[in-house]
Structures are given as C-alpha cells and as structure tokens.
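Order of writing sets the chain letters: A, B and C. Residues in each chain are counted from 1.
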Amino acid sequence: MSSPSGYRLDELAHRFGLELRGGGEAVIRGVATLATAQPQQLAFLANPRYAGALRDTRAGVVVLREEHADRCPVPALLARDPYLAYAKIAALFEQNPAPAPGVHPGAVIESGARIAAGASIGAFCHVAGDAVIEDGAVLGPHCIVGHGCRVGSQSHLVARVTLVARVRLGERVLIHAGAVVGADGFGIANDDGRWLKVPQLGGVSIGDDCEIGANTTIDRGALEDTVLEEDVRLDNQIQVAHNVFIGAHTAMAGCSAVAGSARIGRHCLIGGGVGVLGHLEIADRVTITAMSLVTRSIQAPGTYSSGTPLEENHRWRRNAARMRHLDDMARRLAELEKRSARDKDPL
Amino acid sequence: MSSPSGYRLDELAHRFGLELRGGGEAVIRGVATLATAQPQQLAFLANPRYAGALRDTRAGVVVLREEHADRCPVPALLARDPYLAYAKIAALFEQNPAPAPGVHPGAVIESGARIAAGASIGAFCHVAGDAVIEDGAVLGPHCIVGHGCRVGSQSHLVARVTLVARVRLGERVLIHAGAVVGADGFGIANDDGRWLKVPQLGGVSIGDDCEIGANTTIDRGALEDTVLEEDVRLDNQIQVAHNVFIGAHTAMAGCSAVAGSARIGRHCLIGGGVGVLGHLEIADRVTITAMSLVTRSIQAPGTYSSGTPLEENHRWRRNAARMRHLDDMARRLAELEKRSARDKDPL
Amino acid sequence: MSSPSGYRLDELAHRFGLELRGGGEAVIRGVATLATAQPQQLAFLANPRYAGALRDTRAGVVVLREEHADRCPVPALLARDPYLAYAKIAALFEQNPAPAPGVHPGAVIESGARIAAGASIGAFCHVAGDAVIEDGAVLGPHCIVGHGCRVGSQSHLVARVTLVARVRLGERVLIHAGAVVGADGFGIANDDGRWLKVPQLGGVSIGDDCEIGANTTIDRGALEDTVLEEDVRLDNQIQVAHNVFIGAHTAMAGCSAVAGSARIGRHCLIGGGVGVLGHLEIADRVTITAMSLVTRSIQAPGTYSSGTPLEENHRWRRNAARMRHLDDMARRLAELEKRSARDKDPL
C-alpha cells in the first residue's frame, strides 16, 4: 500500500474488494462529503436522499451502489453497502495517536492497584486499590476506576468516565465522556410511607467491543450483574437500570432507557428515546422505533412502534380530545352496526 | 446476634419480626437470587412472576409471603412485604467501609471553607471558600462544592458530584456520580428576537434522606429555591427545573423531567420518562405511568397515563394514520347516529 | 445611577424606558417574588396565573403590564413585556464576581496550549497542547479542553465541562456543569452482524452567545461539523447528534434530542423531551410542544404536536386498547356510511 498520506484508487479497490470504475492511478488523501470533497478526497453515497449531490461532486472517487454508478461524474468504487465500505476506508485517514504508556504524575493510584505497563493513565485519574487496568488500556483525563473494577486490554475511557464499583470491562471497550457505569441500582422498598434503600450488591459486566456513549448511565445489579454482551453499542444519555441484560450486537440510540431486569435480545435496534419497562423480554432481531414505550414482552422478530403522528397543533388538539372518548366511540359504532343489521334483517 | 459473617435463621426471624418455617439453626452468610442462592444464602420472592423458581431453589431460606410458603422446598421466613424484609436483612451483608475522615492531599479546599473534623474529602475535590461540610459527610473523588453550599451531616456524594451554587443538603443525603445540583435554571426572555438571560438568584434545598441518581440535574431557583422535601428518591438522568417543589417520600424513575415551578405532592410515584409541564400542581399520592406527559394539574390521588399501546409497526402505521382523522370520524359517527335516530322516528 | 447597593425607582424607570406609577424616590436593593418581596425589593407579574398575588404584595415596586396596574397596591413599572424588563433590571443585582485571571496551580496545561493572559483556568482543568483559550474566558474547576479546541473570548465553562476534540466556541458562550461537547458521533455500520465504528472526523462549531445546559451532549460531526449558530439556548440533558444544524436564536427545553444530520431553523422553540428524527429539516419559527416526535420535515412556521392526553389510568386503558383497532373502526364507519347512503337513495 502507499504511504499513510495517500492511497491510489486501484489500491483501495483491491484492499477492500470493491469494483473500481475509472481513474485507477489517482491518489486519495482524505475523505469528505459529496458536496465538499476535493479531487484528492473520497466521498460516499449511501442514503438515496442525497443522490442529487452526485451531479456536482468534485470528489476524486465516490463509493456507491452499482445502481448509482451511471450518474457518477467521477470515478466510482462499487459496494453493496457503501456506508460499510466507506467506514473501512475512512479508518485509514483517522488520526488517533495512542498516548504514551505510563501514569500521569497528576493521577492518584491507590496502593494495590494493578496497572499493566502498557496502559496509559491520564491526569486527574483516580484508581482504587483493588482495581485492575490491563495492557493497552487508555484512561483519558479525569477517569475514576472504583472498587472491584477491571478495565480490559485495549479498552479506552475517553475522559471523565466513572466506573463506580464492581464493573468489569472486556477488551476494546470504548466509553465516552461523562458516562457513569456501576452506580447503585434504584432499589427502594416502602416501609410504611418512608423509603428504605435496598442494598445493591451486584456488579456490571460489559463484553468485548462494546461502545458506551457520553453521559450514559448503567447501574450495577441488585444481586447479580447488569450485563452487556459483546459488541453492544449505546449512544449518548442512555439509562440502563440494574440487572438489565442486553444481547450481543444490539444497538441503542440516544436517550433510550431500559428499566430493571428487562432482557433485550441480540441484534436488536432500539430507537432514540425508547422506553422498555422492567422485567420484560425482547427477542433477538427486534427493532423498536423512536420514542416508543415497550409495555409487554416481544417474542417475535420484527419492528414495533407506539405513539401518534405529528400534526399542526390546532388539528392535533381536536383529534387528541377525541382520544379520551375512543372507547365510547367504539361502543356507539358497534351499536349502530347492530341497529343497521337489524334494519336489514328485522328478524 | 451472631458475627457479621453469619446469622442463624432463628436470629433473623426474631430480629426482623418474621415467622420462620423450618431450619432454625442453619446459618446464613449472604444473599442471592432464588436461582443462584447456595445453602448458606438467603433469597426472596416478592414478584409472583418468579414463583416458578421456588421449586428448584437451593437457598438456605427464602423470604416470601405466606401464600407461597407451601411451595417452598427450603426453610421460609414469612413476611407481608418480602421485598421490604429482604431489604432490611440484606443490609446486614452489605460492606460499605466508611472512608477515614480527613481531607485528601489532592483536594483543593479554598480558604474559609468549614469542614468538620469527621468529614471525609476525596482526591480532586474542590470546595469553595464559603462552603460548609458537616460531620460524617463523605465526598468521594472529583466532587465540587461551590459557593454558598452546605453538605449536611452523614451525607454522601459518591463521586464526581457537582453542587454548583447555593445548594443546601440535609442529613444523610446520597448523591450519585455525575449529578449536577444547583446549575442555572433555564430562564431566558425574548428581546426582539434575541435571548436575554434571566438571572437565576435562588438556590436548591434538599431535605434529609433524599437520594439523587447518576447524571441527574436539579437547577437552582430563579428567585426562591428549588425544593426537595425529605426522603425524595430520584433515579438516574432526571431533570428538575428551577423552582420545582417535590413533596416528601415521592419517588421518580429514570429520565423523568419536571418543568419550571411545577409542584409535585408527597408520596407520589413518577414513572420513567414522564414529563410534567411547568407551573402545574400534582396532588399527594398520585402515580404517573411511564412516559406519560402531565399537561394539566391533578387534584385527586390515583393513577394517570397517556400514550398509545405498542404494536407491530405495519399495524401501528395504519392505526396511527387514522388518528389524524379522529375528530372527523367522531363527527361522522354523530351524524350517522342522528340519521339513524331520524330513520327510527322520522317526526 | 445610584450605587450598586440601591436604585431609585425613577432612575430604574428612566434607565429601562418604563413608565413609573407612584413612589419615584423609593430605593430598590434587590428582587423577589410578589409573595415574598419586601419594601426595598422589586417584583414582577408576567404570568396572569399569578395575578392574585398582587393584592397582598409588599414589594417596593412591581413590573407589570398596564392592564394589571390598577390592581397593584404599590408603585408599578409598566412594561409591554414584564419578564424581559425584569430580566434586565435583575441583572443589576446579580453578583457574579469574575475570578482573577491566571491558571490555577492545580491545573494541567499541556505544552503548546495558547492561553490568553486575561483568561482564568480553575483547579483540575486539563488543556490540550493545541488548544486555544481566548481573552476573558473562564474555565471553572474540572474542565477539559481537548485536541483542536478553541474557547472564545468571554466564554464561560462553569465547572466540569468537557470539550472532547475539535470544538470551537464563539464569544460569550456559557456552558454548564457536566456538558460534553465534541464526543464521537454515533456512527456504526453493520458488517455481517457485527458493528464497525465509522470514524468521526468532523468537529463542533458553537456560535457566539450560545448557552448549553448541564449534562447536555453535543457530538462532533462525522465529516463536517455539528453546528449551533449564534444565540442558541439549550437546557439540561439535551442530546444533539452528529452533523445536526441548529439555527440562530432557537431555544430547546430539557431532555429534547435531535438525531443525526437534522436541520433546525432559526427562532424555533423546541419543547421538553421532544425528539427529532435524523436527516429532517425544520423551518424557521417552528414551535414543537413537549414530548412530541418529529417524524417528517416541517416546511411552514407554526406549532406542531404529537401524543395523547393524560387520563385516569382505568379510562386510558379502555381508550388505548381501542387505538389498536382504529383502522378497523374507520373502515366500519365508512361501510355504515355507504350503507346509510344506499338506504336513503337505493338507486
């Protein structure tokens, strides 16, 4: 391959198993959008919504599906999934210099903590005395690794991540700023009107290759662990309550929330702002659309929704007012049908 | 009582006022779920959903309601509220060693701050010059206690908690990581198209025994204080706007949000993701189910809801499309009824 | 004008262009609510809901609309927009002493960072080597300014704000505690069942005079920037995904969320808990009411809503159950109408 500063089109085609149409010797030095790409940059077209931008693109090459190739005025790399192919190529141009191994002098490491020689611990980090940081792990500034926590090899806590207690991260886990993993679950019992806190004695287990978004919270279990299997992808500001189980390869969009002891299957797609009630089970390969509330277990794969469509407010008011009378309307409709049937056939 | 490492069943029964069925001299050394408990562990059955797990349990004893006792293959402790009884017993086995009193050398305490001798201040804490930390209070690492703040006796800021300004915590308040209490309320006035910030001159008052979840935010008041009375329990990622009042013993589940100047009564249960509009009043002992939006004041105790049921997406689409025409449907239904009445009685 | 400790009523009237009714020489030394104001304090009446409190007020003066002046038992300052006038006056009494310029010895400034002499950097701040902090900027304790970030002149990061990477703030930007700006966008591509992370190569651009609430998250763009134009006001716990564009003077209430590449116009008002799906466009001067989900682009100014009204739970259950049959009801209603028309006119 050519140097990190540039790749020939035919090299890219060969490396990623894509068919190239045109311009094999041109060199690509970066990526950009269809609208802004320059002749030494690669662009992609995945969402047909943006196909109109093809016409005027000045990109050096465009990654796209074969069906769009004819309309592409510049060289094209054909991919069944242009977004995926783009993701692989773009990684060539990402610059994420790994920080040097070692512990920043401004970190506080309690006596007894085991930190691998190849790990990097940033300024103002705080690592508890019984914590373990494995080789190649990177803690950006302001991270807290509490009692009984383990950060697996090559995992990356970007900055200001808090692992409160008994959190075990697999390998290559990526956690963004502000996330809190392993806080007490919300367990309270009513004692004659006052609340009594229920001890939260479990932990959190996060599988390999998970990603956890900024300001997301994952509570530790009441007795057993809260579990994310491998390759679970959580966006920002998600709330995962105690003893939730999320199956491998499931992705959840921002602001979704899962209540205690719910079980979500593998390969699920949970939309933004979705809520899942406690103790429910969701099968594998279920999609929930944005801001739906899951109020019952879901046994079959498929797409599920709740909610009402957006309307102009004055129409919405009129329609919403009728929702309060829907049961009444249904009864009156049935009554009319009965009457209409009687009229037809009076006997 | 026996040593912290174990308790005899008859001791537990006596201590917590429960009836024991069988096995009085056996010793319990921990707690676990019905499914995983070993003979020296105690389990509980509160949610009948899990009653099937009784049959195969190997627990040393199960806390349960009398109605389930016959099906329990091991000794049982009978409780009217097994979850509450379990919570009390489990506290015996929780290990939360109190940190030693004193100020970590890596903390910054501004001159003038009053910190009780029995308080514990962790690494990287920052305490303003006019702040007060009372006896027995514990600040984990990375906490910020800003101007005019007071942390009451025995209160516990787990880690990375920010009290921005004019926040007064009662006694035994527990705040989890990432919570922000006392930030500016969201007060803006429109000045001919541009926004003008409205000064936020109030504070926040948090009563005794409140619990505040991870990454929850509670803004300080515009003029007077935002108030949580005693024993209010907030889960993670809750948003409480300026000048909200939450009555004693109310519990709110994750991701709920209360807009400015709303008043929530005592002993309320607010479900996950619930929204409460500004300036409303909610009476005592009101329950709001998950993801409902409270758009009007509620005078009477009871349970309230909004939203639509979850459906398979292709059915949901068909039904949701009709919601846009509900008012029209209601009018047409009334018209048919009128016509049908006329047909019956043409005069 | 009089000293900072007090202002005569006639001075206030003159300074803010308001008509004064009565008591010109009285002196005002602070602001308070109608119910609690003392004779040396100013109160205001903006929301007619609180007009009843006028009668018993002991305020030294009340800012109100002319229509309420007759009912005011104390001097009044007449304003077309009392809330706006109050906001301007209250600023006189706000005490926000600017911290002294300079870098706290407990901060970590990486070599190469450019920090203006007039900037103030608090304890435990961490500034990357290629970051720029302009004159008059204030970083409270525990702020992180990462690679490629710039904090514009007079901007204020209150405390524990994280600018992850490639974040450019304009002038006078105010960011509250716990906010995370510039984290990776949530870009994942499905690679035969496993997720592949899509590099997030863009940044975040925040215009002058923006305000960003506590624990709000704004991701950086995938290729180009996520953009907030000038004077955008975001409340707490808002989620702004990669490549979102928010037009000038738009305000968003707490817990709202905008998915990737959505474009929101200028002068919009987005209610609390609102969701906006990805790639949509919302025109200028659009209002979305609380907890609505925007599922399609909006071309025309106006107010838009979705959702259902709050009801007592037992009624709601009956009505919600009928929503699953709404399409069926609509068909049956149309059928009855057809039949009824035939009955009337059998030919």
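Worth pointing out:
We take it that a contact is a pair of C-beta atoms (placed from the backbone, for glycine too) under 8 Å apart; a residue touches a chain by one contact, two chains touch by 3 or more.
Computed from a predicted structure; not experimentally measured.
Of all residue numbers that take part in the contact between subunit B and subunit C, under half occur on both sides, making this a different-residue interface. Superposing subunit A on subunit C by their CA atoms means rotating through 120 degrees, a value rounded to the nearest 5.
With centres defined as mean CA coordinates, subunit C is found 25 Å away from subunit B. Contact with two or more other chains is made by residues 124, 142, 160, 178, 215, 237, 255, 273, 307-309, 311, 321, 323, 325-326, 329, 333, 336, 340, 343 of subunit B.
Within the complex, the subunit B residues that touch subunit A are 31-33, 36, 47, 49, 81, 83-84, 86-88, 90-91, 93-94, 104, 106, 122-124, 141-142, 158-160, 174, 176-178, 209, 211, 213-215, 231, 233, 235-237, 249, 251, 253-255, 267, 272-273, 290-291, 307-314, 316-317, 320-321, 323-327, 329-330, 333, 336-337, 340, 343. Those residues of subunit C whose C-beta lies close enough to touch subunit A in the complex are 108, 124, 126, 142, 144, 146, 160, 162, 164, 178, 180, 183-184, 186-191, 193-199, 201, 215, 217, 219, 223-224, 237, 239, 241, 255, 257, 259, 273, 275, 277, 279, 287, 289, 292-296, 302-309, 311, 315, 318-319, 321-323, 325-326, 329, 332-333, 336, 339-340, 343.
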